[in-house]
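Paired with chain B in one complex and with chain C in the other, chain A is shared by the two complexes that follow.
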Partner chain A sequence: MLIDRAPAPTLPRARDAVHAIAVLFFTAALALGALGWWAGDSFYLRLATEALIFAGLAMSVDILLGYTGLLSLGQALWFGVGAYTSAVILRDVAASFWLAMGATLVVTTLAGTVGGLIANRVKGVYFALITFGLAQVVAKVVYNTRELGASDGLIGVPEITIPLGFATVDAANPAGFFLLVLALVALLYAGLAYLMDAPFGRTLIAIRANEKRVPFLGFNPLVHRMLAYVLAANVAALAGALYPMLRGFVSPELLFFQTSGNAVITVIVGGVGTLIGPVVGSVLLTALRSVVGTWTEHHLIVIGVLFMLSVVVMPKGLVGAVRPWLQRRLSGSESPR
Partner chain B sequence: MRSPMAEFLDYTQFVLAPQVLNGLSLGVAVILMALGLTIIFGLLDVINMAHGEFYAIGAFLALALGALGLNFWILLALVPLLMVPLGWLTERALIQRVFHSRERHILTLLLTFGFGMILEDVLKLVFGANTQKPPMPITGGTEILGVFLPNYRLFLILFGAALILAVWVAVFRTRLGAMVRAAAYDKDMASSLGVPVRAVYSGTFAFGVALAGLSGVLLAPIYSVFPTMGRDFILMAFTVVIVGGMGSIQGAVVAGILLTQVQAISSLYISPVWTDPLVFGIMVMVLMVRPQGLFGRLGNA
Partner chain C sequence: MTAALSVRDLTVNFGALVAVNAMSFDAAPGRITSVIGPNGAGKSSLFNLISGAIRPTAGRVQLDGRDVTGQPPYRLLAAGLARSFQITNLFFELPVFENLRLAAQIHETPLKALLPTRRSARALDRAEELLDRFGLTAKAQELAGNLSHGEQRRLEIAVALAARPRVLLLDEPTQGMSHGDTAETADMIRRLAGEMTVLLIEHDIGVVMALSDHVVVMHQGRKLAEGAPAVVRADPAVQAAYFGHA
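Showing the complex of A and B:
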């Protein structure tokens, strides 16, 4: 869709606008984080950290939906795989950040390949339903497996210190851990944005535009769909692996449809196919939920209405709506060139 | 010392047969749900993610109206009738809004998903999140060939089977059904032959929603009624629709019976926790061999 509308020379500039939003976002997040640190706050910093963690999950949905054209209704599965792997490693093996992250990548790549082989048998709505089913089934098994804490989840994940080489971050320190997660999400965004502009990402966009033509260009769509699936699974799992470090526990609810559904809502409201849209959306929706949650417990109605309005009125999401305006501003200042 | 034959007969009579019949009573309700889903998909190409919530609304309507003193038999007719305008409006106000967009598969799926979320919260708002249970409309049990069966389950099987037959007759043997099949096959041609395609769309959607509501009424006395009750049930219905072939009525019936029987019988031997993965595994295997499901779709038959 992107590819047939925008001729090649304008593509880098189109990304400029999105990158500008990203720079703006991360700068603002840094400033607000500094403010929180200065005020000695911990509640809002932890809430913001959680929003960023779920932004990672939303980005992984965007890789599939926004670039490859595959709607995953079960991305919480991989978020949960990451969260449980990390919790088990931290609790039962060693309280090491890097070991937890490394184990998450290994487990998710293996499991994600199996999941990808199943889900990529089909396309379109079937893909949505298969991913939905996969997540439901695994969630149900986890919910009933005593070794994984069953319905209670795994509690008592130790607080860890994270050696970064130049500094050590204490996960119990709200400002420090917020900064670490912010940096990771920024890195993830930069890496993915680069990858999506590279030939690999262009092939995904081509699959989204017209999968039948891709083989004629000499690319194997199935291989690329598999790679996209495993990549997205890993992104979701890395985000999930941060969750027990923040909250000290994991629960099977992380795998439920609620989590997957929220990620899809976040992507649509924030801006599908932009990568930064899901991050912005996650922060906005978390803020909205926390505000609405103070005066009613029925925030689903508000979120649902907002989501449906977004689908009908603003299908490209917030970032997609702001983008043309910003692009004009940016190209206006560049026009003398 | 009892003979192995007698033991086998005892096993069949007291363990296997009741389980098969229990599975069958769940099966007809699943088929009613799946029929709604599959007919809507076959005609409109829409995955109705709110189908589980329509099922829950049916159950809650039965609960509320039953508490007002309405008889179960009246509810059986009244609740589906009340669901019709809801379905009609949903199709007109939501589905049609994005129906002609290029990405209507995903957009309609997202819209119905959002709508289902709102409906679920509205149910919570109106009825509270607690689990409720309506009274059993038919009590007692009957012994058939030595197999004891609660009367309500027996009624469920017979009534459900009659209803499924009625749906089949309506779709394949009536003028109205012919219109629906024609619109599914080629909407432009059907339209030029005088089929009111728009009304057929809305009517079919409303019909599917009414079926979901009816399964809600039927299953409420067996399972409990709570706002998120649709979620567990919808997965089974989706699995049935995928295995049977999206848009296929025969497929929904065959797969519905098959999968609920697998679930019922396997739960005798393995922990119920693993029956869901088993059923899902069957779905994956069917998809490997026949990605289009067991049967072809509506209109192409």
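Showing the complex of A and C:
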């Protein structure tokens, strides 16, 4: 196996520990966001917003890798599909947040079903290669399509206001948009954590643990791998759809392997099969990239070395490393196993 | 009476090798039918064919008179056929309880898959019941991979039983068990026979003779003989091929 296995997410204490980390993370993010708003900051808030957007992509990788046992090396494809769909809708159809998100879900579900049918014909290394190939092909097509801005990407995505019913958020307002993205990522996390603990998600975990036995329990593994794939595609695409709202443009780089590879690294550093690990990992790696990037142009070397170190020191990722400690704290007098 | 399980001319080739060659037999409802034969006789391939793990080159499999040839395992499970494995095939990194809960989820409607797991009451109850029946209650939260060999063999059978199959295929259930565990498992299988049809592969010839209502002997992919245990045992061809010089 490629990755050292974290404890199964169905273990109650492992689950509680992960939820505690999630609560801690989102509370801290809220507090820091408030601090940023009070200080009138815009750079760090926008950087944090970007980190959260890529956290969505990382969570989608985790659904496949950490729960279903499928390594996607092309998850940026779906992030890009969301980003481009959203950019096209906002620029050429209507500057409506909800229309952009809705269109993203429709497009991704349709395209994701096709992509899933191709990728799920194979397993293991071949699945990784097919997902990689699919993303490369689509990236090249986008790169060469003038209607999509070709190598320049799509620029001039208008700044939008987002009606929430009880309030209206201005995407150009760093604190406001940060809060909105934080809320969306928290919702996404909560929804996915729920689903992965429901029988549906547990069937995915069973596929990861021993796919060969699954059909003999009455489940069709292909159907479940398809559902996981389309779900993950939609999570990545929803995150991607937020990108042009933050940046005002999208570019083909979003679909490149660099984006897919970063997402996998984020999941491994944060903790495979925890959902919150990828979120924490995304924030850490974005911060690191930004900090190291101010010291040296060769920040990728530094990040690479740090990645290798972290895999050696914490093979189960950050969340995987602190989880046993938290489990002991949470279980009180109960003897830890 | 219709046979619970009926196999006709079942054949599978692996390249030039004919692993199972025109096998035909019936398993009577509520009875224990054993398949015996020397190593490499094709017993496990026969099970793989019946349980849908591999597709036959030729021949038919019928469940209660209904043709199910070549159906995938998840369809067969829904049709009432479950199996255990010779080499323990569990979810080793999941708790014992979760292994059983997964296997019992078939009793719930598909919609329940999206509701909280605690709402799948029938599956949870069934898992509890099996924990109790197989003496695994104390190990419910233990990872299946941490169980002893004997416990894993018991869980293997429990997982196969979770769906309440009408036809149960047990592939060497006592493999590697101690004498005490073997006797206990044999008793358990005997009790199962009242509830369901059992098709058994077993190497322990004592267990086979004591348990079986009907014995099918395989040799080099073919059926060598079949009949009541005593009749099969007395068959000279069987003695030559299987029991050696008796």
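Assorted remarks:
Here, the second predicted complex is superposed on the first by the 320 of 337 C-alpha atoms of A that agree within 3 Å, B and C clash if a C-alpha of one lies under 4 Å from a C-alpha of the other, contacts with A are read in each partner's own complex, and residues count from 1 in each chain.
One rule holds in what follows: contacts are C-beta pairs under 8 Å (C-beta built on N, C-alpha and C of every residue); 3 or more make two chains touch, one makes a residue touch a chain.
On a predicted model such as this, the values are computed, not experimentally measured, just so you know.
Applying the stated contact rule after C-alpha superposition, one finds that A:Phe200 touches chain C and leaves chain B untouched. In the superposed model, A:Asn210 lies in contact with chain C only, and not with chain B.
Of the two partner chains, chain C is the only one touched by A:Gly218; chain B is not.
In the superposition on chain A, A:Asn144 makes contact with chain B only, while chain C stays out of contact range. In the overlay built on the shared chain, the residue A:Ala263 is in contact with neither chain B nor chain C.
Shared interface residues of chain A (contacting chain B in one complex, chain C in the other): none. For chain C in complex with chain A, the touching residues are 51-52, 72-74, 77-78, 82-83, 85, 89-95, 98, 101-103, 105-106, 108, 112-117, 120, 123, 141, 143, 159-160, 162-163.
Listed in rising order, the residues of chain B touching chain A in the complex are 47, 94, 97-98, 102, 105-107, 109-111, 113-115, 117-118, 120-122, 124-125, 231, 235, 238-239, 242, 246, 271, 273-274, 276-277, 280, 283-284, 287-288, 291.
Chain contact summary for the complex, chain A toward chain C: residues 5, 7-8, 10-12, 194-195, 197-200, 202-203, 205-206, 209-210, 212-213, 215-220.
Considering their complex, residues 1, 65, 71, 73, 118, 121-122, 124-126, 128-130, 132-134, 136-137, 140-141, 144-145, 257, 261, 264-265, 268, 298, 300-301, 303-305, 307-308, 311-312, 315 of chain A touch chain B.
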